[in-house]
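We just call them A, B, C, D, E, F, G and H in the order they show up, numbering each chain from 1.
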Amino acid sequence: QRLREAKDEQRQLIDDSSEIIKTFKQFALQLDAKHDRHERIVKLSRDVTIESKRIIFLIHTINSSNDSKKEQILDQANTRLKQVETNLFQAIAKELVGEDPHQFLRAFSAGLQEYIEAKTFYQFMVSASIPHWNEIQKDLTFAQEATEEGAEASEIQTPVLPTEYMLGVGDLTGELMRRCINCVGMGELDACKQLCGFLRQVYRIFAGFDTFGYKEFGRKTYVMRQSLAKTENVCYTIQVRGSEVPKHLLAQAIHMSMDNPDEDEGFY
Amino acid sequence: QRLREAKDEQRQLIDDSSEIIKTFKQFALQLDAKHDRHERIVKLSRDVTIESKRIIFLIHTINSSNDSKKEQILDQANTRLKQVETNLFQAIAKELVGEDPHQFLRAFSAGLQEYIEAKTFYQFMVSASIPHWNEIQKDLTFAQEATEEGAEASEIQTPVLPTEYMLGVGDLTGELMRRCINCVGMGELDACKQLCGFLRQVYRIFAGFDTFGYKEFGRKTYVMRQSLAKTENVCYTIQVRGSEVPKHLLAQAIHMSMDNPDEDEGFY
Amino acid sequence: METAAEMNKLFSDFSEYIRKEQDLKEKIRDEVKNLEHIAREITMIMQNVHQNPAQDEVLKCCNSSRANFATCKTHYAQLAALVPVNQFYHFNDMWRFATQKLAFLVSLTFFLETGKLASFEEVAESLGLKPEREKGFHLDLEDYLTGLLQMASELARFATNSVTSGNYDRPIEISKFVSELNAGFRLLNLKNDSLRKKFDALKYDVKKIEEIVYDVSIRGLRPAAGNADQAGN
Amino acid sequence: METAAEMNKLFSDFSEYIRKEQDLKEKIRDEVKNLEHIAREITMIMQNVHQNPAQDEVLKCCNSSRANFATCKTHYAQLAALVPVNQFYHFNDMWRFATQKLAFLVSLTFFLETGKLASFEEVAESLGLKPEREKGFHLDLEDYLTGLLQMASELARFATNSVTSGNYDRPIEISKFVSELNAGFRLLNLKNDSLRKKFDALKYDVKKIEEIVYDVSIRGLRPAAGNADQAGN
Amino acid sequence: METAAEMNKLFSDFSEYIRKEQDLKEKIRDEVKNLEHIAREITMIMQNVHQNPAQDEVLKCCNSSRANFATCKTHYAQLAALVPVNQFYHFNDMWRFATQKLAFLVSLTFFLETGKLASFEEVAESLGLKPEREKGFHLDLEDYLTGLLQMASELARFATNSVTSGNYDRPIEISKFVSELNAGFRLLNLKNDSLRKKFDALKYDVKKIEEIVYDVSIRGLRPAAGNADQAGN
Amino acid sequence: METAAEMNKLFSDFSEYIRKEQDLKEKIRDEVKNLEHIAREITMIMQNVHQNPAQDEVLKCCNSSRANFATCKTHYAQLAALVPVNQFYHFNDMWRFATQKLAFLVSLTFFLETGKLASFEEVAESLGLKPEREKGFHLDLEDYLTGLLQMASELARFATNSVTSGNYDRPIEISKFVSELNAGFRLLNLKNDSLRKKFDALKYDVKKIEEIVYDVSIRGLRPAAGNADQAGN
Amino acid sequence: METAAEMNKLFSDFSEYIRKEQDLKEKIRDEVKNLEHIAREITMIMQNVHQNPAQDEVLKCCNSSRANFATCKTHYAQLAALVPVNQFYHFNDMWRFATQKLAFLVSLTFFLETGKLASFEEVAESLGLKPEREKGFHLDLEDYLTGLLQMASELARFATNSVTSGNYDRPIEISKFVSELNAGFRLLNLKNDSLRKKFDALKYDVKKIEEIVYDVSIRGLRPAAGNADQAGN
Amino acid sequence: METAAEMNKLFSDFSEYIRKEQDLKEKIRDEVKNLEHIAREITMIMQNVHQNPAQDEVLKCCNSSRANFATCKTHYAQLAALVPVNQFYHFNDMWRFATQKLAFLVSLTFFLETGKLASFEEVAESLGLKPEREKGFHLDLEDYLTGLLQMASELARFATNSVTSGNYDRPIEISKFVSELNAGFRLLNLKNDSLRKKFDALKYDVKKIEEIVYDVSIRGLRPAAGNADQAGN
């Protein structure tokens, strides 16, 4: 911003006799305005990314499905997601008022995808399913106060583009794989199978997309296949190890294998 | 060397009961001997490279074809080339006695090529032509003193492989291009044309090689084409500028364009 | 200036020629898209076997795939109609990827149904392709072989998931099959091309499957003769 | 299982979305091809000015170009009809290249006709584009600027060929113009993007033109009155 | 184990098939080596024109080249005999490079002899290739065009060296020719492939030659009509 | 002009040199192909041990391999006849790969037969190579070592499959052997070359085999007397 | 010409300066080679713990390592003497790899001796490095952390081999330790760099070790005293 | 569990440490942006000398630049305050580019004012940097030298434009200066790095400037006084 002002000053000093120079001064203002807006959105998006990553981290600390703290953690995650929406996405939405949002998509895409990853991860932990992008769009739509007298209140939003949504879901699978590995440590073997099933479902759908013209999807599908393979290997391991003892002893044995299962919280 | 000894010590400590370990101790000695020889040759080769580069640099300081110092510089270059041969290549030759020289080619290839570059550059400045590799081979062949009693004296050599020779000649063209550019500065316009003609000759031959299986030749031919183009452009410039004034004034004018042509020595 | 006019004429002809070829490519691309679409559909269908490896469910998937292979025949016929007979290899790269994938899916389906290797002729026939170059729009041997290698990789995954579902029989059957496939491939003198690279991956699939059988064996899960019921646990 | 149903709905919605988008892209692509074709035509016409830089011949080329710009308007109108409001920048990359080239050609034509810079509005108007985003399918400022940089490069070549034809006036006129343009661009805060790169190339064009003026000056070929005596030294 | 034996048989057949194809490739490679050898010979001959650009010397080189083109016909005939008619494009990459180089050399020779562009048919005829795909072992249009682009680059160098030898006529002739060639290429809608990249280089060759003409012109070296003797200086 | 003549002599000598070298390479390549073919055959034979790790079956494979090693001797003799003394390392890269593979197969066969490491001399002798450079066409020490590393990797796989077949002795025997081999390799100062890289892979093979012994031990499957009670805990 | 002489002087000074820096690098390189050599030595020593995991044997190895760490101090001291205090990071990349390996070996030795994590200060002290940047030639935090991750991986292997040798205590101890280490690393906000990647691998080591503990537990091989009641939880 | 708590503490400390470093980088980046901005400003100012090479105008530009250099001092001071004295090279890459550009601008300004080379110390002083590593936040020698090479290239352009403006003195002065600079650089034994490459480009600048001097000389445009006799040599 300081730099911008310095440049503005500089522009004042330049001879105005030339028609071209006069025109280019106008262009400079336009470009600056666009770049400034872009910069502001990028900063907001970066904050969204950081906080979303933290929320994901928080959800990973859920230790056991019947843990008393599970609900507490999920509540906290939900609250923080709400804050992201109200504080950050509303600010982005304000920047986009009267603009073509696609012009600034690159500025907020990273944040949006990471937020979707966090949001769907949260929802999956709550209900074992993920929300439609239309649902998420509702959370990123805000009532706008009537700014000028007489103007009527309207809605503003940060658009949840289906492609961005789906790329976020693609990343979600990575987190679910991690969750699955953690679940083994916690002895939640059923959760592993459930996660594996869900991952297969998502992978199946991604494998069915025509990714022509959507380079990122191709790459994500590939990574997802690897995540899925890891998850399947976890389930496989549970099965072959489980085979050696009666099922009801298995989870217990896994608990035994950790010295103080209850004090482990925070480590996983 | 120190390290080698430390490792040898270590080997002493190891239990000899195992047949495998005993065998591998022998292998270690063999490999060490080879690596040591390789290292020694690499060091010699590195010295050859450095001194050859310096000789090339020295030859570039020749200022004018009728310069009184020209002969002096060439004498000096010749002496130093002889030193390289006697001191360094003889040492390499000794290392190669009883060995398959190709096993260590990679160790001395760089030095040999740079030496050939220097040697042919020197010869070109003396006689406007370059020596055959058979000639150079003679300079790298040395009489060996009879080491043991009763053993008869024989010849040892660092082999001048035709491919290495030709790669060195390829690099020579780069130096000749530089020489050509310097010649413009010194007003030696005829030398430029002569150099250009020679470069064309070499390029023509390289273009006629079947470089299949000789990757380096392909690359060098490409670089050489660029050197040739630069040289041709120099000649072109001389011609179009020369066209503006009578020829006999041209060299004079170029001299005029430099303030103290005689004090410039050492800069080019 | 006469020459300039001549040259202009010459290049207009070239331009026309290039335009025609681009049009043809456009049409081929459309047809290939259809094939790729079907291949994706079948891929989705066959994903289900991992979720539910029981043989009757597997056979349902196979049936569903077979219906789709039939549709491929139509599209390959249209492709064959577009491509002049001596230009097969001029455009081959455009459908090579789709054909490899379909060859993979056919041979996978065939193995799951029969426990056997789909021969070159059977795969060609399933897709409506000629088995020989000379006879027209054909299945390229390399594409068939690439398909087989993809199948081996998918079978490694299937072996894993079969165990997870408590089916300890299948990995052993798969191991035998893939081992033979591996031996077969070792007979081929593959040069350093894309097929060679994929073949190198086969080594890992074989090892992976052998380790599954190992895991099953060392834990005594390997069904002795007649222990079929155990698999149903 | 409700979740599965929800998931299916989700993914079929998404498939539908992608399909529609691809259809639209196909239509846009066709329209853009038309624009590119016209751009190629005009490029060919404008090549002639290098062969024959006499002003009357140059003007003939300009007229011929102008006729083609008119045709562009139709295609841009069709493009505008295809692209939903507020999705201009979603698809912009598809016609960006064509628009930059056309902006270049319009501003080149304009300069050759008038010796002046075609303003943003004039270029937009010539192509049937709106000068402001709010008003509809518009000319992007950065595309206009890219066009100007391409023009500068072409003018460097034109300066060379003018001298060859014995026209020593033109390089000086061009030098003045491009110098001013260069000063103008220096006022902009360009980010490290493609525009920035092309602007870096402007440096070389400026230098090239300066050297031509140098050649003309030192040989006393410069036509201006006051310089004649100096050349005679 | 019956299946294993069957599979063994299958892969033995494949092995045989692959071996045959590798043998064929070996034979093709030998023939291509011959072509490349001739191409290198002619390249060496044509290098001489740079050293001595006087027209009579140039024509001697051209004659010498022509003799070599005749030998090419034999080798292309042998190649044609090896390659089954519908597999031209299967092996095309093996001789593509040689053919491009030969097309370049034919068109260069032709231009130096006549000052004109060798047509597609003339180049094909010189090398003993068919001018149309349908007729058999043919000259590919892209290879011909690639040859032309290589020629333009060589002519830029030739223009330089002609000036060095005091021949100020030739650059002007070359400039006109390459300019027209450039205009021709601009008509073609080249996709982003290797040809496109080489075409981008043409722009630089054109500029380079224009600058030579510029240098000659600004120094008054340009021969006025009938000043042919001046070139002989 | 004498210089030109000298230069021509120089370059025609060089051309002659290159031509001869390429002819020789061609001949070497043919001979190497034969060796590679045999290596592939033996590889296929030795694959069977994984299918059927019973010692008598293993010995059958070994016998079959030995017959093939005999054939290698002929080809190595022909190779030796081609390669001039003191140029072994000039062409070494051409057969290096085949020799490494054969060294691997010899040492594998030897271990399976005897449970011991085939010495350098034994491997050389089996292939008809000299154990020392001075004595003629020899086995390179590094190729022998590379072969040993390939063997270690194959033994890791063999350990897996032995367990599958209920042979719990073999992994322990292999573990001891590979452990010792590992210790041996650690005595060598390996430079950062391909041998070093393969040695790094040995780490994983050692680990893999250790884990198999672990599995066998913890399940009390280890056959040694003293451990039987422990397994019963 | 005075200025020229001045400039000459200036550049001679620069030349001297550059030469000195190159000499310095050469010296540093030699010293680093010494460190790398010692690191290899210690690695060899520590390999023995896998062969013989009895605690007294392990401690012998540790003692032997400690002697070597002492030697490191000398070399680090010489390195520190070479590198000017404020240029540590100018040359840091040259010894980074060696330092990471040594940090790994120190922390491994420390754990085997004490069952505890060697603190940053302890590792620095063992190698004769300063624990803080400000104090001179120091241990970089990232190198220390990289060393810890290498240790975790080695401990996973050690746990396996301990069980094979009938030591069921150690895996449990290791599991506790690596678990805590993992928890510690999770506190770090690692960016996506090389450290992050290595940390991701840690998870697999953790899992591997837990499986071993599980194996031991499920078979009741866990050492009794005090833990029996806990198992009933 | 005490140890766990300790380890926790340890890693919390590390975490804090890493966070601080990232914050520091952020701050450095901001400061560097300021420097880059000023560098762009000065570049714009110095462009004017090409438009108007009269000495008094040139001096005005120089004055204006000097004011900006003063501002640099503040930012370098802030940078120096941020970067701990012994971590200069840890972050050096972040401001290297800006410093090179500023070194270029200082030395250009200095030459235009005095006709002399700004010494290393003078450039350092102008930017508020220390001339020696040991003294703190310093000017790196390579950055200074890179700046000089950029200056030489700018001076070649300035020589051209001076002639165009009828100033024939300046090219001669520049030629002398750049010649000496070239001689100086030849004294350095530059390795094949980025500096070496930029130095190779210097030769072309030297040649270019000499040609201008030649042009001026041959036309007798050289300023008379005192030099006339020299020309007669």
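Definition applied: a contact is a pair of C-beta atoms (placed from the backbone, for glycine too) under 8 Å apart; a residue touches a chain by one contact, two chains touch by 3 or more.
Note that the coordinates shown come from a computational prediction; the quantities given were computed from them, not determined experimentally.
Chemist: Check every other chain and keep only those touching both chain E and chain H; list them.
Modeler: B, D
Chemist: Could you tell me which pair, F-G or B-F, is linked by more C-beta pairs in contact?
Modeler: When F-G is set beside B-F, the one with more contacts is B-F.
Chemist: For chain B and chain D, what's the span in angstrom between their mean Cα positions?
Modeler: 52
Chemist: What's the distance between the Cα centroids of chain F and chain H, rounded to whole Å?
Modeler: 59
Chemist: Need the CA-centroid distance for the pair chain A / chain E, whole Å please.
Modeler: 56
Chemist: How many angstrom lie between the centres of chain A and chain D, each centre taken as the mean Cα position?
Modeler: Computed from C-alpha means, the inter-chain centre distance equals 40 Å.
Chemist: Could you list which residues of chain F touch at least two other chains?
Modeler: Residues 183 of chain F each touch two or more of the other chains.
Chemist: Could you list the positions in chain A whose residues touch two or more of the other chains?
Modeler: Each of 7, 205, 208-210, 212, 244 in chain A touches at least two other chains.
Chemist: Using the touch definition up top, name the residues of chain E that touch chain B in the complex.
Modeler: 33, 36-37, 40-41, 43-44, 47-48, 50-51, 157, 160-161, 163-166, 212, 215-216, 219, 221
Chemist: Would you pull the chain B residues touching chain F in the complex into a rising list?
Modeler: 4, 7, 11, 14, 18-21, 23-25, 27-28, 30-32, 35, 98, 100-103, 105, 127-130, 132-133, 162-163, 166, 201, 205, 208-210, 212-214
Chemist: Going by the contact rule set out above, which residues of chain B touch chain E in the complex?
Modeler: Going through chain B, the ones touching chain E are 193, 197, 200, 203-205, 207-210, 212, 229, 232-233, 235-236, 238-240, 243-244.
Chemist: What residues of chain F sit close enough to touch chain G in their complex?
Modeler: So the residues of chain F in touch with chain G come to 179, 182-183, 186, 207, 210-211, 213-214, 217-218, 230, 233.
Chemist: Provide the residue numbers of chain D that touch chain A in the complex, in ascending order.
Modeler: Touching chain A: residues 2-4, 6-7, 9-11, 13-15, 17-18, 22, 25, 86-90, 92, 116-117, 119-120, 133-134, 141-142, 145, 180-181, 183-185, 187-191 of chain D.
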